[in-house]
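Here you go, one structure.
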Amino acid sequence: MEKDSPTWTLGELARLFGGELEGDPNYPIARPAPADSDDPQGIAFCESEKYLGIARAHRVGALILPKGLPSDGRPAIHVDHPRLAFFQLLMISGRPLPIDPGIHPTAIIHNSAQVGEGACIGPYAIVERGAHVGSNVKVFPFCYVGEGCTIGEDTILFPGVVLYQDVVIGARCIVHSGAVLGADGFGFMWDGSQQLKIPQVGRVQIGDDAEVGANTAVDRATAGTTKVGRGTKLDNLVQVGHNVEIGEDSVIAGQAAIGGSARIGSRVSMGGQTAVSDHVVIGDDVMVGGSSGVAEDLAGPGRYFGRPAINAPDGLRAMSAIPRLPKILSRLRELEAKVKKLEEGQK
Amino acid sequence: MEKDSPTWTLGELARLFGGELEGDPNYPIARPAPADSDDPQGIAFCESEKYLGIARAHRVGALILPKGLPSDGRPAIHVDHPRLAFFQLLMISGRPLPIDPGIHPTAIIHNSAQVGEGACIGPYAIVERGAHVGSNVKVFPFCYVGEGCTIGEDTILFPGVVLYQDVVIGARCIVHSGAVLGADGFGFMWDGSQQLKIPQVGRVQIGDDAEVGANTAVDRATAGTTKVGRGTKLDNLVQVGHNVEIGEDSVIAGQAAIGGSARIGSRVSMGGQTAVSDHVVIGDDVMVGGSSGVAEDLAGPGRYFGRPAINAPDGLRAMSAIPRLPKILSRLRELEAKVKKLEEGQK
Amino acid sequence: MEKDSPTWTLGELARLFGGELEGDPNYPIARPAPADSDDPQGIAFCESEKYLGIARAHRVGALILPKGLPSDGRPAIHVDHPRLAFFQLLMISGRPLPIDPGIHPTAIIHNSAQVGEGACIGPYAIVERGAHVGSNVKVFPFCYVGEGCTIGEDTILFPGVVLYQDVVIGARCIVHSGAVLGADGFGFMWDGSQQLKIPQVGRVQIGDDAEVGANTAVDRATAGTTKVGRGTKLDNLVQVGHNVEIGEDSVIAGQAAIGGSARIGSRVSMGGQTAVSDHVVIGDDVMVGGSSGVAEDLAGPGRYFGRPAINAPDGLRAMSAIPRLPKILSRLRELEAKVKKLEEGQK
């Protein structure tokens, strides 16, 4: 499995990081590894004594350590910022999911669709009428690029992405497998005898440098456009309702649900399973802790937490007081008995 | 992107709505738009002064207004019910996701499967042995219609829908991309050394006029049938467990989870992320607010909310009291001190 | 739909179960059914008078009953353990989703991939370079087996499963439709002007005899390996973050979310919609009730419940006290007034 992985010597990595070598410069490193790995060809980073303690209990082959923190006998590289050195190593360790250049003969591209230079369209991918696939885009197998969709240059659609109609994706985006962009918003009108479907005729627009996680759904607008801004990252299994607008550089964690017409600002971070009600407005630079429930507008900047979400320190205090409720009840009962006795004594 | 969109003049739309025109009858309208849109060719509706205020801050081209509410200089149509006029416009604005008529040569249809008149089976779709695809059904690419499945007339399966075995879908249904109907219910039995899989041999049945959202999962029954009733709408990323039965015309919002063997009535509406425990029974005409947790039966009709879900006004009051818990604790402490002092005074 | 179902006489089933027959031995049984079914050819089990009561209100054809519990006139089989007899019946009632033997001519198998003896690769499935598909594996249509993936013998990938790179799946596993294994972990670093993507270069490893539900996502590790242990079962729409490790024989219900680097022990059971925060450690033999929020480590063995999750009896008590919060507030106010009055009386 690892036979294609690049391999370095510890000496090569030390030079790359501009770090100081401790131990054998020829020690072979196959890949980055976490501190609690037992991979003898892995190299992990430890920012502090605490993480070095974790590494000590495991057999990872080598360590990236801050200057001044001696290793435990294992070969090591000492640098100013171990995390950044590790990041450098991650950058050169990845290998892109392979796709052959050009348009695979089994891909079905509508006559009226345009495919840019250097784009790769994998086997069993479909690009519908009027779609524009930008240059150097990778469309993996089983992707469906619907009528009138536009995909900016260098964007990647991993296997099994579905874009309905009129979905616009910016440049350098990553859309993970199973993501569905542009399905109908959830709108019905009870007419007294049945749920009438409100036609969903709007669009979806994803800005440049955005990422959409696996099996995430971004619904088309009823009218107008559902927007995910430039640089915003959606994790897996996120639900983005119709007519939602999310600003730039926001980060929305797994299974979050954003109700219809909500407005989320820029540089917002939202923990997993957070729910945002329809029409709620969240300002720029807001952090919402995981599993929060946002039913009212949150001005930014600020940190919020809880169900309902309030400012984070209070929200944490409130949520962590919930386990004390039974005790609160018994203390109340006790007080009530005492007060009753006191009242009788005063009479 | 919009080049294929139908275009009207404001005068044409005024006649269509039976409304009164204010402004240029030749003003061109390309599409419906929300009130906060800046689309000069869009027309939005404002039901009240409040929404007109929103529109004022934006550059949407024209407005649909109630009679008696003057426009702000923009061309407008005045009608009795702006929302209904907008709905009319939505009805004529949609264009169906295109699919070629007939069976695409790359579709794989088992010899024993039956495909009705007018049905469209897209490229790279699969219809397995013994399946029945009704007349005028649209099966988009990458759909898998498993052995013995039945799809009623005029139903649409968007790209990438998977039906396992013996899944029955009614007429005029819409199943969105990534929905999986008929995967195994989640049943295991600990035998002292391992989790034995309880075979899931039942079926899934979806009534007429139902809708299933993107990436939603409806599990097959262990034995018997998991049922989603006529006219019921499931949003995206909903989980419906084995042997669940949902009545007619119910509306279940995104990421709701309905535990095994739960019974949900008709005309039930359920907010996003709501959890219903296994075997729970929810009556007809129940509304459950978003993010609620239903662990006990709820009789209908009625409105419920909260974790645990209780009647809605009390549930709202309870949930909104959670942030006051730290204050409750300090008030309790203060009272306890005062009562202690009073007790000492009385001795 | 049922024409291919196996059919038995009641007498045959009585012999199979080693049970005692009550009624016509030639009564035809087509399939197992739940007690509340009206299927005349179905046979249900009732463990007690209570379930027999449910069956009485329905028309299921025959019953499996404990010895000593007489039937209500319907043909029945009496056994020591009705549930086990029903399980036996389920075992012989399932029929596997059909797939033709061998490699379908439309499947695309990379030259460098290896496919074991007896493996079935369905139409429009893709096996990428360097992948190993074990013997007797079933790869259904629209599955993508990425570069360097390994699939153990007898494992089933239902239609539309995506494995990115270097995903290792053990033997006898079941992966349901829409599951995505190996998508990027959700890791970004704010550099002051944008969210830098932290490359995700690790792997995913699924142990033998595991099951992964429909539309579930298991992210690859940043570095190292995201692990799901032998015999562990994940339900539908579950999110497993990067570098998570789950032990053996654990059972994780629908829509649970497990944050990055969390450690879940063996024989853990976790209810639906439960959230586990990043880096949290849950010990062996822990049961976490549905919709719980686990933000701190939980030692095992033990039962936990609530948001935040605490030991189960206390957690149940705390959660069920939430609806009493408004009453607690009014009791507090009343006490405060009384105490004030008492203080004034004492002066």
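Letters are used for the chains, namely A, B and C, taken in the order the chains are written, and counting of residues starts over at 1 for each.
We adopt the following convention: contacts are C-beta pairs under 8 Å (C-beta built on N, C-alpha and C of every residue); 3 or more make two chains touch, one makes a residue touch a chain.
Treat the numbers as computed from the prediction; the structure is a model and nothing was measured.
Q: When chain A touches chain C, do the two copies use mostly the same residue numbers, with over half shared, or different ones?
A: different
Q: Specify the angle of rotation obtained when superposing chain A on chain B by their C-alpha atoms, rounded to a multiple of 5 degrees.
A: The C-alpha superposition of chain A onto chain B needs 120 degrees.
Q: Centroid of chain A to centroid of chain C, CA atoms only: how many Å?
A: 24
Q: Chain C: which residues touch two or more other chains?
A: As it turns out, chain C has residues touching two or more other chains at 124, 142, 160, 178, 215, 237, 255, 273, 307, 319, 322, 324-325, 328, 332, 335, 339, 342, 346.
Q: Once bound in the complex, which stretches of chain C touch chain A?
A: Spelled out, the residues of chain C in touch with chain A are 108, 124, 126, 128-130, 142, 144, 146-148, 150, 160, 162, 164-166, 168, 178, 180, 183-184, 186, 188-190, 194-195, 197-201, 203, 215, 217, 219, 221-224, 237, 239, 241, 243, 255, 257, 259, 261, 273, 275, 277, 293, 295, 306-308, 310, 314-315, 317-319, 321-322, 324-325, 328, 331-332, 335, 338-339, 342, 345-346.
Q: Can you list the chain A residues touching chain C in their complex?
A: Listed in rising order, the residues of chain A that touch chain C are 1-4, 31-34, 37, 39, 42, 44, 86-87, 90-91, 93-95, 97-98, 106, 123-124, 140-142, 158-160, 174, 176-178, 209, 211, 213-215, 231, 233, 235-237, 249, 251, 253-255, 267, 272-273, 290-291, 307, 319-320, 322-326, 328-329, 332, 335-336, 339, 342-343, 346.
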